[in-house]
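As written, the chain order gives the labels A, B, C, D, E and F, with residue 1 at the start of each chain.
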Amino acid sequence: MRPSGRAPDQMRTIEMIPGFSAHAEGSCLVKFGQTHVLVTASVEDRLPPWLRGKGSGWVTAEYGMLPRATHTRGSREAAKGKQSGRTQEIQRLIGRSLRAVTDMKLLGERQITLDCDVIQADGGTRTASISGAWVALRLAIDGIMAQAAAKGTPLAGDPLSQQVAAISCGVHSGQPVLDLDYIEDSAAGTDANFVLTSTGGIVEVQATAEGAPFDEETLLRLLRLARIGCNDVFAAQLKATGR
Amino acid sequence: MRPSGRAPDQMRTIEMIPGFSAHAEGSCLVKFGQTHVLVTASVEDRLPPWLRGKGSGWVTAEYGMLPRATHTRGSREAAKGKQSGRTQEIQRLIGRSLRAVTDMKLLGERQITLDCDVIQADGGTRTASISGAWVALRLAIDGIMAQAAAKGTPLAGDPLSQQVAAISCGVHSGQPVLDLDYIEDSAAGTDANFVLTSTGGIVEVQATAEGAPFDEETLLRLLRLARIGCNDVFAAQLKATGR
Amino acid sequence: MRPSGRAPDQMRTIEMIPGFSAHAEGSCLVKFGQTHVLVTASVEDRLPPWLRGKGSGWVTAEYGMLPRATHTRGSREAAKGKQSGRTQEIQRLIGRSLRAVTDMKLLGERQITLDCDVIQADGGTRTASISGAWVALRLAIDGIMAQAAAKGTPLAGDPLSQQVAAISCGVHSGQPVLDLDYIEDSAAGTDANFVLTSTGGIVEVQATAEGAPFDEETLLRLLRLARIGCNDVFAAQLKATGR
Amino acid sequence: MRPSGRAPDQMRTIEMIPGFSAHAEGSCLVKFGQTHVLVTASVEDRLPPWLRGKGSGWVTAEYGMLPRATHTRGSREAAKGKQSGRTQEIQRLIGRSLRAVTDMKLLGERQITLDCDVIQADGGTRTASISGAWVALRLAIDGIMAQAAAKGTPLAGDPLSQQVAAISCGVHSGQPVLDLDYIEDSAAGTDANFVLTSTGGIVEVQATAEGAPFDEETLLRLLRLARIGCNDVFAAQLKATGR
Amino acid sequence: MRPSGRAPDQMRTIEMIPGFSAHAEGSCLVKFGQTHVLVTASVEDRLPPWLRGKGSGWVTAEYGMLPRATHTRGSREAAKGKQSGRTQEIQRLIGRSLRAVTDMKLLGERQITLDCDVIQADGGTRTASISGAWVALRLAIDGIMAQAAAKGTPLAGDPLSQQVAAISCGVHSGQPVLDLDYIEDSAAGTDANFVLTSTGGIVEVQATAEGAPFDEETLLRLLRLARIGCNDVFAAQLKATGR
Amino acid sequence: MRPSGRAPDQMRTIEMIPGFSAHAEGSCLVKFGQTHVLVTASVEDRLPPWLRGKGSGWVTAEYGMLPRATHTRGSREAAKGKQSGRTQEIQRLIGRSLRAVTDMKLLGERQITLDCDVIQADGGTRTASISGAWVALRLAIDGIMAQAAAKGTPLAGDPLSQQVAAISCGVHSGQPVLDLDYIEDSAAGTDANFVLTSTGGIVEVQATAEGAPFDEETLLRLLRLARIGCNDVFAAQLKATGR
């Protein structure tokens, strides 16, 4: 029995509120149960120096957690003067995941920054961030395409041809389960994050033995759970973006 | 005529959602029109070193703004590795304002940290923070008092005997107006923030000539507007805390 | 009775030594009793990026305190690797105050940096800094005007048409008093800094209740004291700049 | 054909020189072809604060790269004043991997720090680090056990009951290949790092699509290659530690 | 002919104003011509951790330069967030030099921090700092000894049995000269700083070829000049400390 | 008797392995007994801003020590976020020493960075660094000259006309001795580093009294020892560079 009372392959309730931010070119408040992340997509003409003048765009991500998003207050990274290794690892993963489904040539010389800020945390903040970031990115790219078309210089194609979503799975009390919340995650023997595309491809696998090493069979069973979960996320993304 | 179409002494719609955060001992999502700030109050037993063992508590504040809370994306302070002078100035002001209405002896050896994170900005983020922080603090102290009473060691009195609220006023197109939004603030000739208590006292005045210097009469007219605005805030605070 | 033995509206002895620094384009060692601040004005052709090519100049300030300017040694900010919130708040105030009386168009594409370094502290270092900074700025602008005239390209007018000065006031033992020294400041119930122009305008008011909130009447009485004090400062500034 | 001319399942030459450092309690210079990493294990009695007094030990890792370990000079992290996200991600992975095979209770109140410094880089520095770190850790623990036995207070068992090794695999020109060097890695479509134990368990999988997403079959084929490679590493580790 | 018009073995005018600071336990404003350094000695009971409980004291130094001490404005180290290599090198030298003449056992468990802040620079700021620091240290130790005697627990002896002074010499236009000012220093072929004791001992030699290497004879001639210069400094120190 | 058992004027065994690094334009692993330093020379076309467009080159150095190069583990400077004063002092010395024998005009618009990383430390790391850096620099310049000649645009001359080497000497148990190892250095009464050229010139002298001040005679005896030692280094440098 899971602490959450959910079935092994049962997700938490997913909610995706598009356009949550009044200012951003794209945004989404994504909720996986009690995990709430605000993602904004900011479109800028300024590219990183190494990309300028090559006709390509860039998608990057930053991640943060409000100090009291968690059960006990964590220190504020801005006050400490540096981002933790965990934060940097997560924001690198988010950026990589979204770049995997974006055609930089079609995007053109634009940078889109995805800010993922955890308002409330209950496990799975990085996978919720990736899942919500796709919505914010989709909305921002919709806007870019509409503006470009309105100016009579339409993009040659949609830079975002697929969906990408992520989910965490783990082994809890010996049983593979889907979409760990904080209590389940703390007690999980193996913890795995999967980033998958809507056409069935794998973008990233990060599986870690928290206690005893795991075997190939476990890895595959976790992957199968992840496919189930991501299908729910893909549906929520479509709904949130009006598709 | 104000850009917002409001009357000179008209506030934006105030909304205060208490208990917005699942984890914090007290919390409030405060909205002054399109300015939205999430305030959490975290209660800890750990005091700053210079206060330990003196039987007194402490209230402090931290302030941050999500990178895309604003019209154009600002850089993330955690990524830059330091808080701006503006951020530090604001969080010092918030802390001072709340300490002004808290009895540290009655609070006892506890520290309450008020995290004010701007989710969306449209002018007046520091005054909204102070106003919402009172709600979060009130709820946290209610909890402390209830717990202490339940343990048979009630506090000797309520550490928070008054309300405190803040509002910004300014001179726009030659006319003193209340509760500036971003567009009005950008064009204001004089900009003043007032922190007032519910019993009519002044806790802080910060008035700055953005262009030409101002005179005593203007200062007094802005203060009178602030009193009008703070009365609305006091009412909203009472409602949000169920009083 | 004030600890200093001064009358409520009595300033400390003001001394302003112009040209104290051999290298700076303008400089002033300003003394308010035992508070001694060295201000230098450095003129540079290099503007901050956002101002370049607009035909306007800029005035900015930095503030520091020698580690043993105070009764007990404070840590050196350069060694700690960051400026405190207090330091940043003060240098922002100084810059704002001097910009309020400078015409940036007349100044032309030049930046003047006012370095205010506290050699010895006894209360009122920020207000002494502002008051002395005007002298350093005046001397630097005199030099700019003289050089421009000598080159046959005189400035279209004097960029510094007014004086600006600042003073701290406070409520000590229930009585409003002028120009607080350190001992008085430590015990003050209300502490207010006023930045005023020689033509009677108010540039900035920063009034803070250290203990109990204060009322409008107190604010006005402190402002009246400030006017008295600033008149003395204006006279000293004129004398120091040979006017 | 691989750029290196190797067969798809062919490792580079592995060399492990134990005791390379005169001072460290354990050390190993590990070479995977032209990738050379010096690992030292430092034993200290001082534990991180959150572990003190619990009767358990800790294993942690730090990672660095000499500025000219690479084809072109990279900037020195100590001079830049911070470790990159990549560095932090790698050192967290190394620490996790070695902790997965260490019994902290048996280790007792000791911390072992594994410093992995890349002297020369040609792809696979993180996996070489993990593989060499096991040798340094094994030697350090041998020393701890010998000293404890000599004092008549032997450890209750060997804290390091298994081996751990890591290898990178990838898809190059459509073909899964083992142990990527820098040139192969730069052109790889999918890049995967596996951390495996000598008893066949999986400690960590990190698989990333650099271009197109990959499928389950590819993941499994890369895992199979990793098993082949790690067997070679396990043998080299045994030889280096005289087992 | 030297740019300064001085004879090769002629010092600039030395002035040492003891007790310049109202707060410090010892202080000295030292002037070598247009080089002005304020040195304060701060006595604290708090020792660095590695010295506590050993019955010994410590003398350390910090060095800084006001941004406009120099011909053109330098950036403020506190604003940049770190001390330059030059600053650190100088403060290490000052600390070492003063420790060389201090008996730490006699000093007892006290730390004296010598803050050397350059108010105005014209070459030789590090040697002026050392020379003035001796005066500040002497005065602070006089105070410690007097207080200890007054309490009936006199020190077992004077911790400062000798004087220490420093001077820079160099080869200018082929001729060894004493006490370089900024213009001479900029053009010097060899630059040497000597730290000497009043009993003729050498505490530190730092000689650097700025252009062509120098020979042993030059080193000795510079040392002889330094002895001449330090004798003047020793006399000024005695006068400043009333001996 | 020296702890090392060496005669007073006896060096440790010197070993210089040229071309140790596969990637750098010049490199050398230098060993003075148990002190091992890897020096790489990196040639880049990018000059520091203040040198651009002047037809001259630049030589600079960075220094680092692996955390466990020493008897007990030191903290990693990259993790602490800053280089120590000692590190900065040493890298400034290395850069100065190599620049003293390099003709920047002949070098042309190129920067050569000498990275000196201490793999293992047993005293004399800075002098070993300088000595080895000459080899790395010589090899890099040989490469530059060969490439320039191959392109038909030979350099006008060899930018490195002399050798430079460094050695530490000290007074141990009252006797001047050459090439201190760590144990000798820890107990040395006077510690002196000399940087000398192969034509007999002195580039830098840094002599420090660790305990009692020293006299002129001691300085000269240490210099004589340094000449003996550097002659051995010069011979090893020639051998390592195939001259």
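Simple rule for what comes next: a residue touches a chain if its C-beta (ideal position, glycine included) is under 8 Å from a C-beta of that chain, and two chains touch if they have at least 3 such contacts.
Note that the structure is predicted; figures quoted are calculated from it, not measured.
Undergrad: What shortest step count links chain B and chain D in the network of chain contacts?
TA: Minimum step count, chain B to chain D: 2.
Undergrad: Once you find the CA centre of chain A and the CA centre of chain E, what distance in Å lies between them?
TA: A distance of 59 Å separates the two centres.
Undergrad: Using Cα averages as centroids, what's the distance between chain A and chain D in whole Å?
TA: The mean C-alpha positions of chain A and chain D differ by 29 Å.
Undergrad: CA centre of chain C versus CA centre of chain E: separation in Å?
TA: 33
Undergrad: If you average the CA atoms of chain B and of chain E, how many Å lie between those two points?
TA: 50
Undergrad: What are the residue numbers in chain A that touch two or more other chains?
TA: 81-82
Undergrad: Which order do the chains take around the ring when read from chain D towards chain F?
TA: D, F, E, C, B, A
Undergrad: Spell out the part of chain E that touches chain C in their complex, as residue ranges.
TA: Within the complex, chain E touches chain C at residues 21-24, 27, 34, 38, 40, 42, 44, 62, 64, 66-73, 76-79, 81-83, 87, 113, 115, 117, 119-120, 122.
Undergrad: Which residues of chain D touch chain A in the complex?
TA: The touching residues are 82, 84-86, 88-89, 91-92, 96, 100, 192, 196-197, 199-209, 212-216, 219-220, 223.
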